[in-house]
Amino acid sequence: MAILVDKNSKVMVQGITGGAGKFHTERMLDYGTNIVGGVTPGKGGQAVCDRPVFDTVAECIEHTGADVSVVFLPAAAVKEAAIEAVRAGIKFLVVVPEHIPIHDMLRVREEAVKYKAAVIGGNTAGIITPGEANLGIMPDIAFAPGRVGTVSRSGSITYYVADTLSRTGYGESTCVGLGGDPVLGSTFNEILWMFEEDDKTKAVVLCGEIGGVYEEKATEIIPKMKTPVLAIIGGIFAPPGKRMGHAGAIVEGKMGTAKEKLDMLADSGAHPCKTFKDIPEILKKLGV
Amino acid sequence: MAILVDKNSKVMVQGITGGAGKFHTERMLDYGTNIVGGVTPGKGGQAVCDRPVFDTVAECIEHTGADVSVVFLPAAAVKEAAIEAVRAGIKFLVVVPEHIPIHDMLRVREEAVKYKAAVIGGNTAGIITPGEANLGIMPDIAFAPGRVGTVSRSGSITYYVADTLSRTGYGESTCVGLGGDPVLGSTFNEILWMFEEDDKTKAVVLCGEIGGVYEEKATEIIPKMKTPVLAIIGGIFAPPGKRMGHAGAIVEGKMGTAKEKLDMLADSGAHPCKTFKDIPEILKKLGV
Amino acid sequence: MRLYEFEGKQLFRKSNIPVPEGHLVSSPAEAYNTVASLKHAVALKAQVLTGGRGKAGGVKLADGPNEAKTHAEQLFKLKIKGFPVERVLIEPKLDIKQEFYVGVTIDRANYKLVLIASGEGGVDIEETAEKHPEKIVRKSFSVEDELFTFDAVDIAKKIGVPGALLRKAAGIIVNLYKMFKVYDAKLVEINPLVLTAGDELIAADSRVSLDDDAVFRHADLKEMGIEKRHEEGEMTEREKRATEWGIPYLDLDGDIGMFPGGAGFGIMGNDFIHYYGGKPANFMDSGGGPSPERIAKMLVLLDENPNVKTIFGARFGGISRCDDFAKGVIMFLKEHGLSKPMVMRMTGNMWREGVRLFEEAKKEDPSLMEKVEFHGIETPIEEISKRAVELARQQGVK
Amino acid sequence: MRLYEFEGKQLFRKSNIPVPEGHLVSSPAEAYNTVASLKHAVALKAQVLTGGRGKAGGVKLADGPNEAKTHAEQLFKLKIKGFPVERVLIEPKLDIKQEFYVGVTIDRANYKLVLIASGEGGVDIEETAEKHPEKIVRKSFSVEDELFTFDAVDIAKKIGVPGALLRKAAGIIVNLYKMFKVYDAKLVEINPLVLTAGDELIAADSRVSLDDDAVFRHADLKEMGIEKRHEEGEMTEREKRATEWGIPYLDLDGDIGMFPGGAGFGIMGNDFIHYYGGKPANFMDSGGGPSPERIAKMLVLLDENPNVKTIFGARFGGISRCDDFAKGVIMFLKEHGLSKPMVMRMTGNMWREGVRLFEEAKKEDPSLMEKVEFHGIETPIEEISKRAVELARQQGVK
């Protein structure tokens, strides 16, 4: 098993006829991802990489049985595309574009919760279940099938962790990019819990970063997990970010510095890592 | 028992410090209605007819236990006042003002359904449970306690029916004015069902009118009722109203003429009446 | 309140719904000049607040200014369902490939907004709806719901918009829905939405009805010259006068002047008169809580109407108070005088005070009430109705 | 993107939130003339994109034009947290009875909008929030939620607005909340919202931050002169140059030039350098899928920086492709040349193609890569980081 996607996932691509959509559809297919079709309104009836294109998500689902979608569209079009997908019944959505307006993502999150769908991104490198499916823009070279789950706010960190886990023989069950935007479709919490419930995942690496509040939120869930969690946070030596006005300070309090994030995670039971090579060392100690 | 209001109802008045609010608060109190307070934002701390005035409905409920509200406010203020009331926990709301924008009433209805509150009006004469409570602008002279329920779209028809029932000794359990506006907080259906479930009500008089669709809707519920329903419809000799565009014709079909309404009601099991004096005659035959 | 086609199209334009470039003219000469300045064939369309314009000959096509002038002369003489044509809209003649229908209205029974669309637009849409309901697409919304482009694409596809135009059609549908909400409409229709030979989508006609009770919150309507107005219907002189006085009034062809309290009994009272063999001369409504002045004016309308042989008065004081009613009647009797018999019944809120006022007035001038038969709650309204019919008959016999 | 006080107040005015009548001046002479034309005492307020203005002496009061001129001279010389003062806002001096705080922001952890209000406005609001949380009123909303007047009345009451002003205060709160939504804001604050001696409520200061990613859909901002801009921070010359080239870049005080791929490792790479005893000279991010031209420019920034002793390059090709990366590096080496040693690692999407390009370039010109230590996926990034620190040390020794 894997979380969110595997070789049986039926994947559609929203924006499949666009430049990035075409390019990455080809790449994802090369990896063996089970892409069944795509959507571009007004281009129904065409084909990309031999996969049929539909005018709406509902039609694509009807004809292909798609249950997962990857979005390659301009940021301004993401809100409607995501709402269309979850309303039509897509249960997992990968939002690759960056610079999505924050109010749009708040709305997308609301709809996703309402329709019980999972969304990752915006600005995510995607998700990969090595050897089975690669959704998004992640470079397959770094990944090998295995027993560690990874969840990260940064694409590049994801690759380095994968590289490390592959080289040391652990490999990955699934690697999830939450995305780099300020408001994200999913937080660490939801993904951590999926890993907790996944038999194949023997440990999880959480890759966080200065700013935002999602690492702090994760400390609510880590103590409830049996699966060990390793945490690495970028920005320990970065100057602290600015608070947004008094309101930001009142709402988010002291959250946001990398050091505090790592300390809080450690306090909640996670194993802190400084650099990537700490990861296999800790895994070894834990007997993973 | 009675439906919706009785002597134990704790009634608040929204807009109690306005001209109409004051005038009718006095009248309602004279009738013995248990008015416990009122609301006018910015006038909290004042009093009208010895009843305390609050800035918000929530405060009024907190201090007085109010569970029913009567609205005397300009039409433009009704939407927010109604939403405030139902969100604060008012379970029955009487909306007296007329000319409320239709889109506002659609919204009010939605909120009322969501919060499981009943709303009558806009443009209703109100509701009276004779001898117990009189909410709105109905003239008490016409009403006597008794065993017939009345539900009507028109204030003036309500009075004539009451007058007839009082004179013939039947009296009324409760008399409900749905209101004269094109979109109403409640339809005949909800009120008919309350009467059906009320022990004190032995028969119901439904007073309808040319135009609209609420009489036709009532034919869905009348066959399910054990309590006999008498129906009187105004506008049998009026020229037919104009349809609103093709869309109106497609949505509302053939609904709307008084003759068809009366025929449909009769077909569904209601007893049709021509003039008011038919009412006691039919009641007598039914052995009410 | 219904808008003229050209007003509806102003709203379409503001809402980013494509409409033909239009020119409004008020005379045949203006039509000539306008068409002379244009380089294309035109359609001349009579602007009236009613349907059935096409069948009544209210739309003409012209290739040049002379033809346009001739047509305009005919149009300005036309009456469509009684409406005189005061303005004509001149637009480029469209080369039509297909006609669609798109409309939004309110489903009162279910408290929803409904979007309706069809691939067979035009005047026969209602027939299509009845005979081929499968050709009509309907979608319901809560009043707070947004219409998303993907839903509009789905609708456009179902009514047969070609693939290349799906996005454009969806945009028009979304904008129409937004316009419905933004302007507090009761009805908006594009019929037909035309697909031209050049593959453009354009709103060839508009039908828009707004909620008069919500006009106050749309200041931009006034800027566009769209003001609060009554629903369609040509008014008689008496109806115009009533409207000026703010009294809902409609002339009928009978002889009993109806002077009711409340819209509900205003309508049902007419039935009663019919039941007892009479015919009302009018509908009337006092509106909620009328002033004595308005009450007096209502009576003036009836007393000065030569068709009225007798007046039937009924007042059940609710929000309207009997004392104000009595004051109004007395004001009328003193200032104007009653030229025909009146039978009336008065009860309800403040009835005692009302009766006292009548008695005082009678004491002052015993002749004041001599043509008035006055009743209170003790007489059923049926008796009053019967009596009015009787009185009218007696007057007829004279 | 943060707005200047006067820009925020423009939005307040458009949103029906009362603000003082303001005059923006760019010189002491202008300040003199402006105040001379006014008949009242004024406040002169430095316009800078940072907080702490009051404590830095950025606000002055003046009774007349001479005093205003003197103050303005000081203000235009002032730097507040490094920001030069280029404009001063002149407003009537307010006679303050009470100060409130009202703000709206986003609670990212819970995906909500949050309205915050307090009866103790002013610069110490955060302290109040910490020491007396009971003096802060908070209310959360879903992004689609409306804020109703009744809720705003409740909030206004809780923060101690006097009864007679409750409706007015509620109107301001509702309008602020609407403005937050209409303009895609991340933060809007009225601090303080002043109750004047004359019982007026007025927004004495504004703090507004909009979502740069949503500016595209607010055409009216451009009309007001508000364009997409970066967050606060005074830029060095090099940072300005980078910004012109569209490269996110920040100078730091170390000596290792950071040339990373991806924002994530851009940040974490700095930590790695620190862990191994080095100090980075900068932050940098290539942005998603950079062109060869941009890659080359990134290297120019580092190579021309005299503080940089060695360059640390790391590219893990994701959406950014290794072939484009290699092209950019080669372009830089050919056109500009490398004046200091560089250690780099390249792997990921299209890495084979990238390696091939480097090999071809080397074949063409064997000296081209001589200052570059090149690694692939086989070398862990930690080793590269260590090596960069080593190289920098060696350079320092020279």
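Lettered A, B, C and D in written order, each chain numbered from 1.
As a working rule, a residue touches a chain if its C-beta (ideal position, glycine included) is under 8 Å from a C-beta of that chain, and two chains touch if they have at least 3 such contacts.
In this text, all values refer to a predicted model and were calculated from it rather than measured experimentally.
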item	value
Rounded Å distance, chain B centre to chain C centre (Cα mean)	27
Distance between chain centroids, defined by C-alpha means - chain B, chain D (Å)	58
Topology of the chain contact graph, where touching chains are joined (line, ring, star, complete, other)	ring
All chain pairs that touch each other	A-C, A-D, B-C, B-D
Residues of chain B touching chain D in the complex	41-45, 55-58, 80-81, 83-84
Complex contact set, residues of chain C against chain A	148-150, 153-154, 157, 163-167, 170
Touch list for chain A against partner chain D, complex	27, 75-76, 96, 98-104, 106-107, 109-110, 123, 125, 137-139, 141-142, 152-160, 163-164, 167, 180, 182-183, 187, 207, 209-210, 212-214, 216-217, 232, 234-238, 242, 244-252, 255, 258, 274-277
Residue numbers on chain C that touch chain B, as the complex places them	51, 101, 103-109, 111-114, 116, 125-126, 129, 136, 138, 142-144, 181, 184, 186-187, 189, 191, 207, 209, 211, 213-214, 216-217, 231-232, 260-268, 270-272, 274-275, 283, 288, 316-319, 347-349, 351, 377, 380-382, 385
